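The chains carry the letters A, B and C, assigned in the order they are written, with residues numbered from 1 in each.
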Amino acid sequence: MIVAEQKSFDEISKMVESFDKVLILGCNECVTVCLAGGEKEVGVLATSLRLLRKQGDRPITTLEETVTRQCEWEYLDQIEKLAEEADCIISMACGVGVQYVAERFPDKWVIPALDTKCAGGSVKHGQWEERCGMCGECILHKTGGICPVARCSKRILNGPCGGSQNGKCEVKDVDCIWDQIYKRMMALGRMDQLLEIEPEKNWSKARDGGPRKLVREDVMIG
Amino acid sequence: MNEFQPKIVAFCCYFCAYSAADLAGSMRLQYPPTVRMIEQPCSGRIDIQLILQAFEDGADGVYVAGCLEGDCHFLKGNFRAKLRVGQAKKVLDDVGIGGERVEMYNLSGSMGPRFAEVAHEMHERIKNLGPSPLNKTAASAPLPAAAGSE
Amino acid sequence: MSENKSRLQTLFEQGEFVVTGEIGPPKGATGSGIREHAKHLKNCVDATNLTDNQTAIVRLSSIAAGLHVIQAGVEPIVQMTCRDRNRIAIQSDLLGAYSLGIKNLLCLSGDHQSFGNHPTAANVFDVDSIQLIRIVKRMKDEKVFACGEEIKSDEPRFFIGAVANPFADPFEVRVYRMEKKINAGAQFFQTQIIFDLERFDRWMELVRERGLHERAYIMAGVMPVKSAKVAAYMQKSVSGMIVPDEMVDRLKKAEDQKAEAVEICVEQIKQIMKIKGVKGVHIMAVGWEEIVPSIVEKVGLLPRPQIPGAALAAV
């Protein structure tokens, strides 16, 4: 899933300073699961904004809605009326959702309430970790199912570097993923595979090649 | 001049604090009338939104009273409540109402005197803090009977 | 001169026990300090490393520093990390460096930028150190750029170095990775600073088991530690390094800690020289360059061998 984290309340409240009626829009997908922008967080943010603004001379009206997915037009079509009512929309989705909302409602000012962090998962309650670097060309079959592109601080493909010590990366609070790759490959009896030099990666398939776009004519309708 | 009488909402777990309140009553223990109790099936029912809503609806202070740690009827409800009270403190600080207006207490059903003591403690604390910033201007609106509980 | 080899490579091939030093370029736009340090090292080391923005702190470029060192009469080993440049910039810099008469190159990953003075910078890591080694080797042997395009003339022909850390974990993996670097094209190695000789000895055993000491020249890294305070700091705070307690104690008890530091370093080098497969020593005395001549002398490695007819390219 996409992992995101709410911006500080201070930052969000400053962004909506000049608005009197806002639509706070949650998303029922990834950001609900990572407790950043689901129905519950929409409620808390709405109440928080009201509590803050009630103390001044400019109270705020909040409209609350959470859609199935912000990254799909059909779900945004459903909130058209609600959007019309509001001066601005606070999107509590990932960066994709925010942009879909902005594109779907071109005359509305759209504010992001979250910082989108990574493609990852929850390893335990309250802890999420990056797992995929979205490099556009998966190499997990070469590294025992553990991704160095996303999980090595230097995205080294022939690791570990000299900074690895006791299974820890030289970067604070990071596990050395190459340590884990080696241990797993050893356990699976595939050390020989690691002795092969992984050549320079084709980063053009990653973001470095420019924004990526997928076209599949075989599934296009009309 | 009228002395400030705070409005305090106490979310009380049915298995402990609510019974403790009963006991306090049968023991004829006095505690401040500023505390309004709302019975909960478990302190784990509390979430941050419920606490915020109490403030929005006019409370000057809120506390959650759950079972002693390790004694929750639903095993972990009181631990969850504790975390959520912590979250609420942060939000209340963020919005300028003040995290010290909300607190978590743990007690058992047999602790009638402790229940009264907690009520006094919270009453004094909120009295010293003064009215919630939301209640400072207008005369406080009446508190709905069961704020937030559906 | 045969094939325009570096002094470093020539000495290795002649079977000499090689001595190298290290200079950290300054955080300012002047070469005077570098030349001053180089003067201290001249005639007592065979070449000197020039670090590349070490610990991710902005410093004068290692290539420019290499040129200053050449002008001071010392042969440079230019360090090149993968942190700050993509393969385009790396190859471009390599062409430039070689055109200035720099012949030795040390390829590293580079410390993560979070350690340095620009922790909010983007890092590059387009290629890793092993891929970098391979690129440099292919430029030399296959006369091609990384993309496969032919280098029509004047390909850079670096003597390719790499680093090895006998103290990082897991132990066995370090030897595997060293072998991978050799397979990629590394011709010589400088190790991380060695204080724990026993562990280094065990590591060299593994190296010899795989015959790696016959496929590349291995230099052991040493460092004269000025005081017990510095030693204690390194013990605690520098990752990838093992500083034994005995060394800290010995410095602490010494009346003249600096003299003791030299003594310890000399002893270490003498022991290292006895380990089979070690072909040289890399003395890292950054900030204390003036002590290097006396260490080299006490070990008995002076005078340094001269190569007839070899003169550094004066630019």
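The rule is simple: a contact is a pair of C-beta atoms (placed from the backbone, for glycine too) under 8 Å apart; a residue touches a chain by one contact, two chains touch by 3 or more.
Since the structure is predicted, the reported quantities are computational estimates derived from the model, not experimental observations.
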Drawing the touching chains as a network, do you get a line, a ring, a star, a complete graph or other?
line
Closest chain to the protein CA centroid?
A
Taking each chain's centre as its mean C-alpha position, how far apart are chain A and chain B in Å?
37
List the centre-to-centre spacing of chain A and chain C in whole Å, with centres computed as mean CA coordinates.
41
Just the number, please: Cα centre separation of chain B and chain C in whole Å.
66
Which residue numbers or ranges of chain B touch two or more of the other chains?
none
In the complex with chain A, residue positions of chain C that touch it
82-83, 87, 108-112, 114-115, 123, 125-131, 134-135, 146, 163-165, 167-170, 173, 176-177, 179-180, 183-184, 192, 239-240
Per the touch rule, the chain A residues reaching chain B in their complex are 8-10, 40, 43-44, 47-48, 50-52, 54-55
Chain B to chain A touching residues, read off their complex
47-49, 52-53, 55-56, 91, 94-97, 133-134
What residues on chain A touch chain C, complex-wise?
153-167, 170-172, 178-179, 182-183, 191, 194-195, 197-201, 203
